[in-house]
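Order of writing sets the labels: A, B and C. Residues in every chain begin at 1.
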């Protein structure tokens, strides 16, 4: 069944961003590494909707960022996270299952649809990894602010083989 | 010692809400599953104070939700989380220990008693599971907003046998 | 190689705060334990910049707390977390690697430099544990408020032997 995830990406018309070697855009935010593997668990650092080196739709939901823009940012965050998994594992087929994601939506105090944004991230993971491997446990919170004025961030654990 | 947790629930006059099969109220908030088990760790999705299908005391602490209401919401969240553990494990006696909980309190910027709310959740877990199994590590943060205007959410990991 | 971390602390002129027995300053915030160990993973409860029993630079970044003050608070939080690891493990040499930290910065809505604060925490861990053991995956969020008006909190997982 090797490369079926790659085939699914191709069928979806999606191309993962490239995370070469140990590179990680998050390193621009300070002292951290992109991932840590212990036993059968891959812990990813927070992924954000950076695209071509810039935040996609920076700002806060319920203020300057619309829900469709937040959804687009969340979908792209999933792509970055998938690239991070590939960087960590070499081959996405080593993914057994997303364990869980903790999701942060930068938003106004009265914005209570944070789940609509994180669902877009989760849907993209399911699209690419399939429901058996892409569906994880989840929580989502609306936060004050994120580094670099990103509107979304996802913190993901993955069970691997 | 089988069913001593059930006996403790009975002695406390508490009845767990029922989570049948793979059902999970959180699914109303989008693409996720209620839990993931890997090795000896049960990861629960975020639990919230939903009761009979509605948020208990929605809103924000320090604004429209009082501390006693937040405490009641947190206690009920513990009941939902216990029901989620039972759903995942079949039998609560498989719980070795709560590992930790990350707790979110929707609140006003000047509300700094977030720990009073999450302690009510932790106390209820200790009441039901006993101190050896119910007491976990913990962190609590005051957040901008939660899905569905819930005032509290808890994200729990459990060591299991 | 026993006590090389202790030697590094000495060379840096740093003295860890003492966490005796099961004591944990976090217990003042309610029902919790300072840590939980399962398998090769040490889960610490949230650590905050408490020093001599008081919050160091309480308040919110972007309001009453400056970035240099936030950095000082984050560095001290790392010292408390290291003391917590020593309490849990007996000997810091049992640390294989920081797995990851989730960091919370209490801040104003328009404060987007949360990573500058958490990096100070991460830098201190690397200073003391060395890059191979001190560098973890990471995410940082700006939050509404923390217990006791602390300006920073870190929630850390450590791989141990």
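By definition in this document, a contact is a pair of C-beta atoms (placed from the backbone, for glycine too) under 8 Å apart; a residue touches a chain by one contact, two chains touch by 3 or more.
Quantities reported herein were computed from a predicted structural model and do not represent experimental measurements.
Q: If I superpose chain A onto chain B using their CA atoms, what angle of rotation comes out, to the nearest 5 degrees?
A: To map chain A onto chain B, rotate by about 120 degrees.
Q: Under the over-half criterion for shared residue numbers, do copies chain B and chain C use the same patch or different patches to meet?
A: different
Q: Go ahead and note the Å separation of the Cα centroids belonging to chain B and chain C.
A: Spacing between the chain centres: roughly 25 Å.
Q: Return the residues of chain B touching two or more other chains; collapse runs of consecutive numbers into ranges.
A: Where chain B meets two or more other chains at a single residue, that happens at 39, 102, 141, 143-144.
Q: List the residues on chain C that touch chain A in their complex, please.
A: So the residues of chain C touching chain A come out as 39-41, 97-100, 102, 107-116, 118-119, 122-123, 126, 135-144, 157, 159.
Q: Which residues of chain C touch chain B once you look at their complex with the stated criterion?
A: Contact set of chain C toward chain B: 26, 29-36, 38-39, 43-46, 60, 102, 104, 106, 141, 143-149, 153, 155.
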